[in-house]
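Going by the order they are written in, the chains are A, B, C and D; count residues from 1 in each one.
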Amino acid sequence: MIREEGYLITEGAGCMVPDDRVEQVKIRPRMTADELVRAMGRAGAFNGGALARACDIYEAMLRDRKATRFFGLAGAMVPAGMGGIVADLIDRGHIDILVSTGANLVHDLIEALGCHHVHGTAVCSDVDLRDKEINRIYDVFLADDAFVTLEEFLQGFFGDLPGDRPLTISGLLAQVGSRLDHGILATAAKKKVPVYCPAIQDSVFGLQYWLFSQTRPVVVDAFGDMKALIDRCYGAERAGAMLVGGGVPKNFILQGMLLTPQGFSWAVQLTGDRPDLGGLSGATLDEARSWGKLTAEAQGVTVYGDATITLPLLTASVLERLDRG
Amino acid sequence: MIREEGYLITEGAGCMVPDDRVEQVKIRPRMTADELVRAMGRAGAFNGGALARACDIYEAMLRDRKATRFFGLAGAMVPAGMGGIVADLIDRGHIDILVSTGANLVHDLIEALGCHHVHGTAVCSDVDLRDKEINRIYDVFLADDAFVTLEEFLQGFFGDLPGDRPLTISGLLAQVGSRLDHGILATAAKKKVPVYCPAIQDSVFGLQYWLFSQTRPVVVDAFGDMKALIDRCYGAERAGAMLVGGGVPKNFILQGMLLTPQGFSWAVQLTGDRPDLGGLSGATLDEARSWGKLTAEAQGVTVYGDATITLPLLTASVLERLDRG
Amino acid sequence: MIREEGYLITEGAGCMVPDDRVEQVKIRPRMTADELVRAMGRAGAFNGGALARACDIYEAMLRDRKATRFFGLAGAMVPAGMGGIVADLIDRGHIDILVSTGANLVHDLIEALGCHHVHGTAVCSDVDLRDKEINRIYDVFLADDAFVTLEEFLQGFFGDLPGDRPLTISGLLAQVGSRLDHGILATAAKKKVPVYCPAIQDSVFGLQYWLFSQTRPVVVDAFGDMKALIDRCYGAERAGAMLVGGGVPKNFILQGMLLTPQGFSWAVQLTGDRPDLGGLSGATLDEARSWGKLTAEAQGVTVYGDATITLPLLTASVLERLDRG
Amino acid sequence: MIREEGYLITEGAGCMVPDDRVEQVKIRPRMTADELVRAMGRAGAFNGGALARACDIYEAMLRDRKATRFFGLAGAMVPAGMGGIVADLIDRGHIDILVSTGANLVHDLIEALGCHHVHGTAVCSDVDLRDKEINRIYDVFLADDAFVTLEEFLQGFFGDLPGDRPLTISGLLAQVGSRLDHGILATAAKKKVPVYCPAIQDSVFGLQYWLFSQTRPVVVDAFGDMKALIDRCYGAERAGAMLVGGGVPKNFILQGMLLTPQGFSWAVQLTGDRPDLGGLSGATLDEARSWGKLTAEAQGVTVYGDATITLPLLTASVLERLDRG
């Protein structure tokens, strides 16, 4: 090991490492979220260190006025109470394009219609739950009657659609959002943020649409959103991606840059998947560089863990930084 | 503990357990795959035990002549060489409905067009790979020129489409398959097995379709496949699901039964995700019972692990059983 | 589903669930760590919910003046900067008995001797690192010269030992600690907190001890700590366990109660392992009830994730609560 | 990308990759275990590819007559029925040194005394199990009376020990094994294979030893096995390690080489842990190169997954190869 001017020189190993020490974490009572994250950053190891770097990257991406910010939302984040963070980030102007799953949007709609997810348990008899008309999402319960409320809303909504020409998925979702007063879809509609949902048919939303279409066919163009999305990608001076979970939202966001000469400059991934299984959800952001989805110089970090912990902590840290100016 | 007629009585614990012993595994050289799985079954613990039960369930599902068999294929299974198993199962008549991802179908098409994935490494510089025009999928490499070949094929293919009325996604994929002579899409087309791909726009397939549509718009109806799928679900006397990975294929298959009075009678899930993160991909099959996706009596098992190991072993075991009659 | 007096009645499902709603998380800039944890608790789902429950349990265990508090420390927590939290908890009187691994104690000693772990990277050539005499622990680097310093200290230390009768492992560690002025061993020695390390030979500490013993044999009694530990278990009016990682520390702590008529009343586990692999590190705390390690009524929760994130957040939340009185 | 004489040249990326194609797996009924593994190897991706490489490495290590073969056994492998494989490998002369955990050896002893683990379920009430005196290990059950049988054996055994001078842990285990007629300890004693168990006090074995020592103290020297082990490491012309799980066995084996000028030439790791949590159990074998535990040229591979699947498959494949000559 060579030491030189405060550096451990390890170029041969592909990196020059500043000789900055792992600082043992000291907890002070009443630390703010960002103070805690900065202590994790000085420790700087494993996923705690990755989370601190993720905050730096997300802060940089939000502070850059020329950045287009994509947000991917997979997993069961709305039933888990993380939808409020997403709606708030939209409201504060920190999300320009949202890509999510049918499931998250259906559950957002359910809450916007006044129904509620409740605290349940993961250790129980699912057959008994079925008898009691309760649906389980790990340790969250949702009563069947939420879907009755949802059906009434959606059938009425679909009945009001013109139906003379193919709709886009984002257009459909914007119209839903415009009838609501809180939640992700409502806030996105209010702030004119497009919500993409490539696999919308893969949700109760889709099933309801199909029910309706039996009486009056309305075509939703699967590819109808591609033009606007790719125009946005071309037009972006710089682009950043915050990816909660993997799945379709991650892939749809990252592939958007494939047709452009550039790539994402910032990317943060909060995921519980691991790379060795080979799936896209667990793929590293480095792998995305080989495809040109991230630029060679992009700042990217993956934080492995449950986003019900990492997303609130990251958001609280970064909003605190922005608040401090 | 009470012992009675060969049982450990543990009803209070919600189960009556046969007093069958964990047998220590004995390996004989030249064991067949099924002999090995049966030894794992007599050991019967953890994921080895689950894999043996999965073989029993899949065997039952394939032997039942009145069963409709769904197959969900997520993850990067085709780049990993697992596509051959799926094509073979279709060819043998063991898959009635396939649901997959854009990525798997794109890579199947790439191989059907004569291009190849090659053995690479996960430990390398992705920036260098980018310079050399190699795309990485964990430890599999694919040269950029495959996408040139793909573009030529798809632009020609799209140009031949009539375009006078909206297509369905499965209709589009069947037409692609009919032009190919090996692989999943080719075999499915030959055997008239529908291939559903709800998020097709989320793939290079989708990007190419969009490129084409700039010159001549052809509408693909996002919901166009729902009627045929749900008719199939209604018509199924009994239904079984083999789920490789989670994601959209798993959800799309399981939700198909939500609108019918019945549920799946058999389900096997090979996944690397865990339930505690709350996402659908890692959700237990018991959770699916609370929603009515599986019947109360359904046989279901999840095998946690990489499907590049569990799928070949399961398939070899079950085909051996069927072969023995 | 039956609703009654604010409850969802699901006794059949083995649980009565308060009808408390999942509250969508709202982030306010400058939230304290405990405010953030409480917001996660009102969301209450998945591992975020589990972390909030873990804080409640740990708070209860620390507030109970008659509780004996065990702390298990596995994983590479000291190289990752988490040792400072443990030393601080000892100093504040929140740990009565510490069980750890040889690796953590060796790295604590290295830091106490003035050497440092530094921020490295997990993506590099380990062969080059070897050439440069740098040892890697995921993304933490440690120069070989730390082990030279360690050798000097330990050989001197061993030379001063009387050696006329078998030592206990905790006795040996207490003597090491008494020569240091900061870190876990130093603080434990100062506060007379016993440090158990059943597999001490499985560490560089052990290798050094062996080097020394070649010239002058000193016997360390492998079972020498059992009596004091089990006396402590017997004498505990109530006992609680905070388990960071699994491994030997978890098992050694939990089995301590097997010989007593009681069990642990509180237990929190921060782990990245999952139960389905069958190992003790990933085993649920419910499983521990079947062995009688936890009482039937014990409060126990597992938070899946990286302790470099969950431990600082949990500690900051609970210390804040205690500070507020 | 440059193509030259059958190679994809990617030196810049740190690797030269043979242009060998991912072959889609074809399953033939009645394939042997090794035929299946070889098909996985021609697919060559993700953990299936890693398993095939692990078989090549383990085969090479077993065929080399000058190799010293270490075997590390962590996890709950004996309750899961994997102990039979280990005993058989010892009997066939394929293990020279075994390192395991107290738990595995206790459960091996329980089976050797005629008690049995039985097939249970992971979904049950552990409080009810406790009432019925059944202990749970994920989905394996063990009745309390096994521990009564164990106590009788061990108290008698300890009573026969001379007790005039400190014992080593491996000496103690060899004497236990010599009284048994099947299982790991019995076979190891018969074949004179040393069994190391650094944390033996961390098991019911340890608790029983402590019970006994209250009446008549017998000292077991924690470091008593180090000399013989390190002599073996020094004497090894070449050394290989098969690591099932991580924990103390993995670390104890790998650190054995730290004091010698050489390192392991072959290493295979079957684990469910991942590297990003920083713990030793999930650490890559590359990381071990930075410490000098593996040589720079060593062949090493990690297969992520449950060893109840990967260990039988690997063993069946390699024994088949050796059987074919």
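By definition in this document, a residue touches a chain if its C-beta (ideal position, glycine included) is under 8 Å from a C-beta of that chain, and two chains touch if they have at least 3 such contacts.
Computed from a predicted structure; not experimentally measured.
Same or different for subunit A and subunit D, when you check if over half of the residue numbers at their contact belong to both copies?
same
Sort out for me whether A-C or A-B is joined by the greater number of C-beta contact pairs.
Between A-C and A-B, contacts are more numerous in A-C.
Report back the single chain whose CA centre is most distant from the CA centre of subunit A.
So the farthest one, by centre of C-alpha atoms, is D.
When the centre of a chain is set as the mean of its C-alpha atoms, what distance in Å lies between subunit A and subunit C?
33
Subunit A to subunit D: how many Å between their CA centres?
41
Just the number, please: Cα centre separation of subunit A and subunit B in whole Å.
Chain centroid spacing, subunit A to subunit B, equals 25 Å.
Could you list which residues of subunit B touch at least two other chains?
In subunit B, residues 14, 45-47, 76, 79-80, 125-126, 129, 134, 137-140, 274, 276-278, 286, 304, 306, 308 touch at least two other chains, as defined above.
Which stretch or stretches of subunit C touch subunit A in the complex?
Touch residues, subunit C against subunit A: 1-2, 8-10, 12-15, 17-34, 36, 39-40, 42-49, 51, 76, 78-85, 87-88, 111, 116-121, 123-125, 128-129, 131-134, 137-141, 143-145, 286, 303-306, 308-310, 312-313, 315-316, 319-320, 322-324.
How about subunit D: which of its residues touch subunit C in the complex?
Residues 14, 74-76, 79-80, 103, 122, 125-127, 129-130, 134-140, 166, 169, 198-204, 206-207, 209-211, 213-214, 219-227, 230, 245, 247-248, 251-252, 255, 258-259, 272-283, 286-292, 296, 306-308.
Show which residues of subunit B lie in contact with subunit C when the two form their complex.
Its residues touching subunit C are 45-47, 50, 274, 276-278, 304.
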